[in-house]
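Both complexes below contain chain A, partnered by chain B and then by chain C.
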Partner chain A sequence: MRRQIPLLITFVVGVIMLFEAFIPHPPFDQLNESLSITFDVLAAFAFVLGGGNLAKIHLAKISRSEPGWGYSAVTMAGFFAMLAIGLFKLGGPSGVKHALEAEGSWFQAAYDYCFLPLSATTFSLLAFFVASASYRAFRAKNREATVLLIAALIILLGRTLVGTALTETLPGSLELMFGALLAYLAWEQYRSKRWIPLSLIGAVAAFVLARTLYGYLVLAGGGEFYLLTVPDLVNWIMVVPQLAGQRAIMIGICLGIISMSLRLILGVERSYLGSDND
Partner chain B sequence: MAQTETPSMMERLQTIDRRWIFLFIMLAVVIPLAFDLTIDEVATPEVQAIYDRIEDLPPGSNVLLPFDYGPESEPELQPMADSYVRHLCRRKQKLFFMCLWPTGQAQTLKTVDQVLKREFSDYRYGRDYVMLGFRPGGQGVIQVVVTDFRTLYQSDVEGTPIDDVPMMQNVKGLKDMDLILNISGGFPGLKEWIQFGGDRTGVPVAGGVTAVQAPLLYPYYPGQLSGIMGGLKAAAEYESLLIQGYSEAYGTDTERFAAIRRMGPQTLAHLVIILFLVVGNIAYFASRGSSRERLKSLEK
Partner chain C sequence: MKLLCTLPLWYAALALGPLLEAQDAPSEAPAPPTRVQALDVPNDSGHAIEIRWKDSPAPGVHTYEVFRSPLPGEAARGATEAPWLSLGTVGPGEEAWTFSSAERGVRYSFKVVAITADSSADSEIVTGESRAQWFDWNKLWILIIGGTICLFVILFIQLATRGRKLFVRKIAGLEAVDEAVGRATEMGRPVVFVPGIMDMDNVQTLAGLTLLGYVSRTIAEYDAKLDVPVSRSLVMTTGREVVKQAYLEAGRPESYNEDMVHYLTDEQFGYVAGVNGMLLRDEPATCLYMGAFFAESLLLAETGNRIGAIQIAGTAMPSQLPFFVAACDYTLMGEELFAASAYLSGDPKQLGSLKGQDVGKLIVMAAIVLGSLAATVALWTGSESLQSVVDFLKLEMFV
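And now, the complex of A and B:
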């Protein structure tokens, strides 16, 4: 019975939620709302559970004087201080009905002068670590890493006005770089004696370089002779290759969720019930 | 005794002490801030779409503003929140603030205090804007407010019964909103508002997220998402649109527009990272070439 009842509940609730998606009419929509409210109530209790668990772990660490117990003491001091300030609404207008953020409330002061700067400081350190990590990790060690590196450089440029400025002050610079890259790839094909890829890549490289040189020499850099701009390229990366990858991942995840949901509803997946020995 | 070879300049560059990188990043951030370097942005179509959507709303429309973020993403997202409120107030819309993050209420209050109350003194609480506050449950909250706000929100953040708030009289559920304008720093956020709010009710959804999150939301644009703003650059673009669109109010005043001011440090920091990437790769290829030559000479 200990296993059958939870399996039955899962089946019934799962089927109701499934039907509700296709039949948004009474009683299914009302049942969905009732179940959602139940979920929200449980979520509120999860805060109590989370707080209790946090206190249990850190208080045990302090009582055993384990290494780093001082950090636990600070955590607990902060936790209980905020809990007391929030529960009793200290500092604000008298009575417990006023908002936590009411003028003069200690809760808002603690948020503004402790939590906010501490949180922002910790997060801002990321900029330094990202810079250091990208310096070490972004190396063109193989073909895939080179593609990643080039995409990263373009996005980085595009995220600033330098990308636009580059096209305005040096029109055709992207084409030249792109042409040079293609020429290099064509040279690699020539060395490997792969004639078909060589002719294809070589033709594109020649076209891009010739068109850009024509723009410089004949049009003397005037007119919009260039095809690529950094912002356009960034936009293309975001809405074509990036989007295709994201969609593929999302579809994969959705198929996984559908399969796992069916396994749960039909009682095939039972790991959430715990082991038989429990 | 084996002779230890001193590493070449290129090899040393490869293993540069990370504190040098930290120093350069710090300078890249501090210098533009000290000299107040500002950069005007040109809006991308995704950002322009949000601006146009708000412009097209008739005055007095109901706009839900869920602020689902905390202080960690404030530098990127708070300028978006401020800009949305500025724009909506200029268009005389009714604002309904709520949040799925516990920290969201404090962030809402920041925008209300620093933008709404200071710049739009004619806006009255309860008549033109209301703060519903935080409720736990993530996407579960969205599922409930789709049909009725009152199920979860019996009172606003000030403890006033929801039925006593004048602007809530004609509002039952999410379907009574004309636009959902979310700002999100993670889960639950914009994605959940699209899936559980916009898709179920047909109310248009748009919003802003951190630069890291933005690529994950592009699959929803422009079908399920009317517009998307990713990171500080998009926030600066929106501010530029506001300055252009409401030049009589803002003129060339960039002082109050945080994203435009912050783009200076971000631009320079990005340039420093690009520089390091280029230098690192040159050093990598150069040292790889020299180690090959050394190997050949040893073989000989």
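And now, the complex of A and C:
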């Protein structure tokens, strides 16, 4: 019974919400908002459970003097200090009519001068973590990583001030880079003695390099060829391969959500409901 | 001599005469907007009326102002002193205005005023009311395509229930879960499971918790240690139920401790600081990140990488996937996160739903190939019929 009732509620609410997406008529037009508000109210009540759990775990650590109990002491000091400041509205105008964020309130001061700087500090660590993760990801350890490295270098050149300044007047850079990449791949095929891929890649590489030479000798200084610079290549990478990949992932996600939602509504997926036993 | 003295006056009168005449004469009023209509906006909940008119043919009209009649209570409450309420203005050439805060079922009167530099002309007064519709026809194709995919999902679930064998490709990240838990057991270190930072109303969190069920059952079987820090109270209570059930199913209810799933904070970076502190102090052997992540994804995964943990991540946030790919050993990308619980459970019914998903992919692939071919050929040949196919796919079918 402990499972049947939640399953029934999930099914009924799921089906109603499916209808809601296609029916703009009342009462369906307000359902989404009403249910969201109901959820927020439930989540607010559940916050007491979370706060209680936090206090229980850290107070136990402090009382048992477990390793790292000092961190728990700091956590509890912050927790109870903010609780007292918020509940008794210290510092600002008291009374239910006044907001916690009113001018002069300790709550707002703690938020502005403690919480925000600490959050910003944690967030700013991201820049260093991005650098270390990029260094690891862009090592050319296999073919895919090499392609990633080349793409990243091009984006870096095209999106930075110096990179753009250095390459914006270099005509045919797109062809040159593609030609060099294809020549490298052709060389790899030659070393592996794979003649069919070699002939195919070699033909494309020869065409691209010949077109580049032709561009330098005949078209240099004007025309469409002159537009093919690194910043344009960056735009092409962002608008064509990057966007195509992202859309493919998004389509997969949408289909995954449809399938997952159906499993939940039909009660095929039940593991999130937990135990049958009380 | 007297006549000569008056000549300048005569001259001035002759020169300024036409100008004075032009100033005195009343300017011609513009023609009012014609064919004014007040139409209910279709496919909505009955809160919008569109006012349409035909542009005034007279030159010099620089603005159209749209007015509506006040409701019975509005004027009395002093909402306005004027008998008409202005809804807004549009420039010349515009021929429509949408009144989007109409009360459902109330009949309003409207008029459109054409305004020139020094005069104006009112249109005829028209009336209209907004009504709610029972079906949003703009979403017809979404219903058809979504309904087809849903039908196939249900069909394959039925087929799987009747015993039909279904092939599902291997997902490397999920194959590695057992190995990762085994490593933690051998090393005597905990497994950390992070179910994202969103609440239970997010389907990614639900997918993460279903995976938690499988992972905690394996952990219970191996008798390893599990740590699940969460950032939402409801996720904590649900997570506890899931882990408790998994330990029961594994036959080790005595090993279950409800503090395995514990709350840290709702705040994003406070949560990051808490989890990172745990990772650095406890040095878990395995870290699993399954759910909805934002900027914290790389902060968590890089810390896990630094302590040398095996890391498996799964999220449907496209912007965070590159970070997980860079910092984790395995990454479940998008749909793989939703497929994970079905894949790991081995339950034929759940695997059937994955096959239904594949039919959805086939439909999308067919539409992409058809659209690309039609757009390319239409560009070469200038064919209008092919262009209409492209427009249909772009604007109607996949809005």
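Things worth noting here:
Rule of thumb we're sticking to: the second predicted complex is superposed on the first by the 193 of 278 C-alpha atoms of A that agree within 3 Å, B and C clash if a C-alpha of one lies under 4 Å from a C-alpha of the other, contacts with A are read in each partner's own complex, and residues count from 1 in each chain.
By definition in this document, a residue touches a chain if its C-beta (ideal position, glycine included) is under 8 Å from a C-beta of that chain, and two chains touch if they have at least 3 such contacts.
Since this is a predicted model, take the numbers as computed values, not measurements.
When the two structures are aligned on the shared chain, A:Ile37 is found in touch with chain B, with no touch to chain C. By the touch criterion defined above, A:Thr164 lies against chain B but remains apart from chain C after alignment on the C-alpha atoms of chain A.
When the two complexes are overlaid on their common chain A, residue A:Gln108 makes contact with chain B while staying clear of chain C.
Of the two partner chains, both chain B and chain C are touched by A:Arg136.
In the overlay built on the shared chain, the residue A:Ser261 is in contact with chain C alone; chain B does not reach it. In the superposed model, A:Ala152 makes contact with chain B only, not with chain C. Of the two partner chains, chain B is the only one touched by A:Leu100; chain C is not.
When the two complexes are laid over each other on chain A, chain A has residues 29, 36, 39, 43, 46-47, 115, 119, 122-123, 130, 132, 134, 136, 246, 250 in contact with both chain B and chain C. Against chain C, the residues of chain A that register as touching in their complex are 21-26, 29, 36, 39, 42-43, 46-51, 53-54, 57, 67-68, 71, 115, 118-119, 122-123, 125-126, 129-130, 132-134, 136-137, 246, 249-253, 255-264, 266, 268-269, 271-277. Taken together, the chain C residues at the contact with chain A in this complex read 43-46, 104, 132-136, 139, 143, 146, 149-150, 153-154, 157, 199-201, 203, 206-207, 209-210, 213-214, 232-234, 236-238, 240-242, 244-245, 248, 259, 262-270, 272-273, 277, 281, 295, 298-299, 301-302, 305, 316, 318, 321, 323, 325-327, 333-339, 341-342, 345, 347, 349-350, 353-354, 356-357, 360-361, 364. Within the complex, the chain B residues that touch chain A are 16, 18, 21-22, 24-26, 29, 39-42, 44, 70-75, 103, 105-106, 109, 133, 135-138, 140-141, 143-144, 147-148, 151-152, 157-159, 211, 215-216, 218-219, 231, 233, 263, 266-267, 269-274, 276-277, 280-281, 284-285.
Chain contact summary for the complex, chain A toward chain B: residues 29, 32-33, 36-37, 39-40, 43-44, 46-47, 97-102, 108, 111-112, 115-117, 119-120, 122-124, 127-128, 130-132, 134-136, 138-141, 149, 152-153, 156-157, 159-162, 164, 231, 235, 238-239, 242-243, 246-247, 250.
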